[in-house]
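Only one structure is covered here, and it is reproduced in the block below.
To keep things simple, chains are lettered A, B, C and D as they appear, and every chain counts its residues starting from 1.
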Amino acid sequence: MTQKSDPKFEALLRLGDNALILGHRVSEWCGHAPVLEEDIALANTALDLLGQTSLWLEYAGEVEGKGRSADDIAFLRDAWDFRNVLLVELPNGDFGQTIMRQYLFDVFNRLNLEAMKTSTDTRIAEIAEKAAKEAAYHVERSEGTVIGLGDGTEESHRRIQDALNILWPYAQELFITDEVDEEMAKAGVIPDPKSLQDAWNAEVRGALAEATLEVPEAHFGHRGSGKDGRMHTEHLGHILTQMQWLQRAYPGQEW
Amino acid sequence: MTQKSDPKFEALLRLGDNALILGHRVSEWCGHAPVLEEDIALANTALDLLGQTSLWLEYAGEVEGKGRSADDIAFLRDAWDFRNVLLVELPNGDFGQTIMRQYLFDVFNRLNLEAMKTSTDTRIAEIAEKAAKEAAYHVERSEGTVIGLGDGTEESHRRIQDALNILWPYAQELFITDEVDEEMAKAGVIPDPKSLQDAWNAEVRGALAEATLEVPEAHFGHRGSGKDGRMHTEHLGHILTQMQWLQRAYPGQEW
Amino acid sequence: EPEERHFQEKVDADIRIEPRDWMPEGYKKTLIRQIGQHAHSEIVGQLPEGNWITRAPTLERKMILLAKVQDEAGHGLYLYCAAETLGISRDEMTEMLLSGKMKYSSIFNYPTLTWADIGAVGWLVDGAAIMNQVPLQRTSYGPYSRAMIRICKEESFHQRQGYDIMMKMAKGSEAQKRMAQDALNRFWYPSLMMFGPSDANSVHSEQSMAWKIKINTNDELRQKFVDQTVPQAEYLGLTIPDETLKWNEEKGGYDFAEPDWDEFFDVLKGAGPVNNDRLEARRKAWDDGAWVREGLLAHAEKKRASKVAAE
Amino acid sequence: EPEERHFQEKVDADIRIEPRDWMPEGYKKTLIRQIGQHAHSEIVGQLPEGNWITRAPTLERKMILLAKVQDEAGHGLYLYCAAETLGISRDEMTEMLLSGKMKYSSIFNYPTLTWADIGAVGWLVDGAAIMNQVPLQRTSYGPYSRAMIRICKEESFHQRQGYDIMMKMAKGSEAQKRMAQDALNRFWYPSLMMFGPSDANSVHSEQSMAWKIKINTNDELRQKFVDQTVPQAEYLGLTIPDETLKWNEEKGGYDFAEPDWDEFFDVLKGAGPVNNDRLEARRKAWDDGAWVREGLLAHAEKKRASKVAAE
């Protein structure tokens, strides 16, 4: 229904948009975290994700070949052209929901980046090399916090369990595989998400068990996905009104 | 510091922007009110306020004489050019804060519109004639609800008292008088806000007493005001990102 | 039994059943489920459209949309009142919605992502709703029938407004056209789902039709909707996202592809994550509003008591 | 007393006072107030800039701003640590901030309304802050002095970034220029207020200077700030909103108008309604975060206990 575009371009958008939108969400915490050390750590995560965004979207623009910069791609598309999964669009909720979302994504991101280090596309391999280190650090932090809150007080346990219940079905979207994924996997550029699912499940379920949390029975019910733009939550549009405000209100300026 | 513009244009912006921004805030409740009847009533208030916005801003555009429509004025100015008081920009808070804000504004609006019915500017007199009826109805509703919540349960009393404490200093801004007000009052176009203050105080303090609420000691501390654009809260800019999104993202289209 | 026979005779003769009349328990139960679900759909249905009120592109569009969502709240009120004549309270029904015991139309588990979606919702979703509702004006239960008559009057107005938005978009700039087509792509199949599964797979249908709680079959209405909508899409210059769509001279209607019923049942059961947002929004409104309802009630009690004391 | 004399001799000889050294109660109290207020200012100061992180116009600007606000949180940490060496905990100081017993710089009760304000905050507010802080690197209390040395290194970097934003705006489109001028108009006088009231009206000043907690007078620093900033504004092509501003050959500095000190005291006392937003934001962060702090603490306790048991 939408015009077919280069699968590598699509795949790079998915990587870039996940980082962009999650980075945006995390940056919303700035100045509002439960404790100063968390404020600093969350800002750090957001910074890493925005750095990854730049690298992915810059390369996406080059692959597309229409002269669009990373900023053009980030700030001048409407909701339908975004390719991130729904998980990263969700509102921050309480700190438990933020950190659980972060953890579920971080593990996926690290596994994905680790595998991309041997990509047949050397540019992707280079970016993955750098980003995988950051992602490993993110997992370390978010996993520790999830375990701490799960195995903390009664209230912290209840809250982080609630967060898991809400987020678990969204996390399943990370492993939906479509033609773009298949083509990229076949060419050895980016792994098929399904190929990461077992490792993800093993690691995540292990940590959640340590956190004394129960994994809910729930799956992603919609057929369309944020990955192909056929589905998003209503939250994405609201993110864009903020994120793109200046570029939209004052088009074509230098900042 | 900003270029002087026609005082009647400025005065009309103040009227229009108060209605526009408050209408926007109230419309945010749509689908989220504590009870269905309130959902309908709030939507009604928002509709009236947006209707008043159209009339004021359309006339403002004519007075300015640069061919700007009400929509151009509403959707294509940045924060600094808005002339509403800070009170109407504030987030909705809980329902108590919303209804208290509404009440404090409604009484001012009704008094102001009543006085404008005899404006020397017949267009303003006509708009005021229509809008005053709506405002009278708004006061009736918001006053009744404030009294009901103040003289309701312990919790409802506490919450509406908290709302009053937060909002009272902001309400004082309604009565700041500057050169624009003085000029408009001298020409018999729009009353000096100060001239409405005694009536407002008598009425509002009466109702708050009936609501068993205590009026706090607090004043508006800043010298700049939303009325002259030298002051706004940070909330205004966020309202604009939403409100103006489509007009900014797709400039010059028909909708 | 004579009561049951008498009841059915009245229904067959198109005489309205009123709250005080005798009625079978199953009739009452089915009506509560159906009217309640319809009422909940109006209430939850405020959310996807309400989502764009603060972003409507002009003052006029903002007012039209706000008025429309306000109408939906009003429809919810009519319908809750109709259901209340059957001996269940609005609060009880609300609790059942929030606990997941009662459903709402699963169309509202699809998000409105662009302004064109507001057009598509009016055109397609209200269009499908009207198709369902018009026959229900002749339903056997009096209060329900009267509520539907009031509702239908307003709904057709809403559909025209939705189509008008689509028209502006489809005849607008390239970007607007693309937005309109994208909205149609996303809302087409969910709209077809609104008529429910094929009659072959639909429970309750036969009895409901005998009771005149249901007037047409799901497939009849769906066909009628497609036949009405295809030429409208053509007029707009938009493409229905169904490559198999074709006029069938013989049946005098279009052949078209079925929606993905697995998704339908998934989403209906709440497996689709979007329904979480909807129920959370309604739960939050209900929970956060408790102190307001209690406060106003307490005040009314006090006033009543002091009035009694003064008499 | 000999202790007091010995203490003052060390101060006079520029020997740092360390936490274990004897110090007068007043010295300690004044330091806690001053360092605490400075720490709180870093924390509250995250808010006006944080307000624009989600709206920064490019990815690079977003990262720079985020890193800057992160630095401020870091400065807050250094300063709380310095204050803690005086026997007060971070939590105690936080509670005092939230209850209004301790202040923060009233500059942060002015809102950031446009992107140019982010430039103005960096250029003017950080500029004024550095002017205050550079001499404090030589303050008599060791931990405070060392914190200031680290902070100053980063602050001057921040000021350059702010000036860079202003430059882009002032040399940009008409709208951007207007935005930049508007930001300067709104932030000029509040920046002048940052040095505190004129020395004639300033309490504590003399003793603090003897203790080398304060190095320069408020008026000295304000003059220095104006003299530095005016040519920068000229270079940007922006106009300082002070018609009385004039070079005074004789004193070798500018004559300039005083800010409205009534507003200063009003805003400082919290009469200005904007400070409500700031304290509410901090209160909400603190209250909403209680369960997180408690949860992580409880987990750490459990781990410690099981480790001890295993030993």
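Criterion: a residue touches a chain if its C-beta (ideal position, glycine included) is under 8 Å from a C-beta of that chain, and two chains touch if they have at least 3 such contacts.
Listed by chain with UniProt protein names: A, B = Phenylacetate-CoA oxygenase subunit PaaC.
It should be emphasised that the depicted structure is a prediction, and the values quoted were computed from it without experimental measurement.
The geometric centre of subunit A is 41 Å away from that of subunit B, both derived from CA atoms. We define each chain's centre as the mean of its Cα atoms; on that basis subunit B and subunit D are separated by 35 Å.
Subunit C and subunit D have Cα centroids separated by 56 Å.
Looking at subunit C, residues 55, 175 sit in touch with two or more other chains.
Among the residues of subunit A, those in touch with two or more other chains are 78, 241-242, 245.
With chains as nodes and touching pairs as edges, the resulting graph is of another kind, matching none of line, ring, star or complete.
If you check each pair of chains against the touch rule, the ones that pass are A-B, A-C, A-D, B-C, B-D. Within the complex formed with subunit A, the residues of subunit C that make contact are 48, 51, 55, 111-114, 175, 179, 181-182, 185-186, 241, 260, 263, 266-267, 269-274, 276-277. Touching subunit C in their complex are the following residues of subunit A: 1-2, 78-80, 86, 166, 169-170, 218-224, 230-234, 236-237, 241. Of all residues in subunit A, those touching subunit D in their complex are 24, 27-28, 30-40, 43-44, 46-47, 50-51, 53-54, 57, 70-71, 74-75, 94-96, 145, 147-149, 151-153, 155-157, 159-160, 239, 242-243, 245-247, 250, 253-255. Across the complex, subunit C meets subunit B through its residues 43, 46-47, 50, 53-63, 66-67, 69-70, 73-74, 76-77, 80, 90, 115, 165, 168, 172-173, 175-176, 281, 284-286, 288-300, 302. Across the interface of their complex, subunit A is touched by residues 78, 238, 240-242, 244-245, 248-249, 251 of subunit B.
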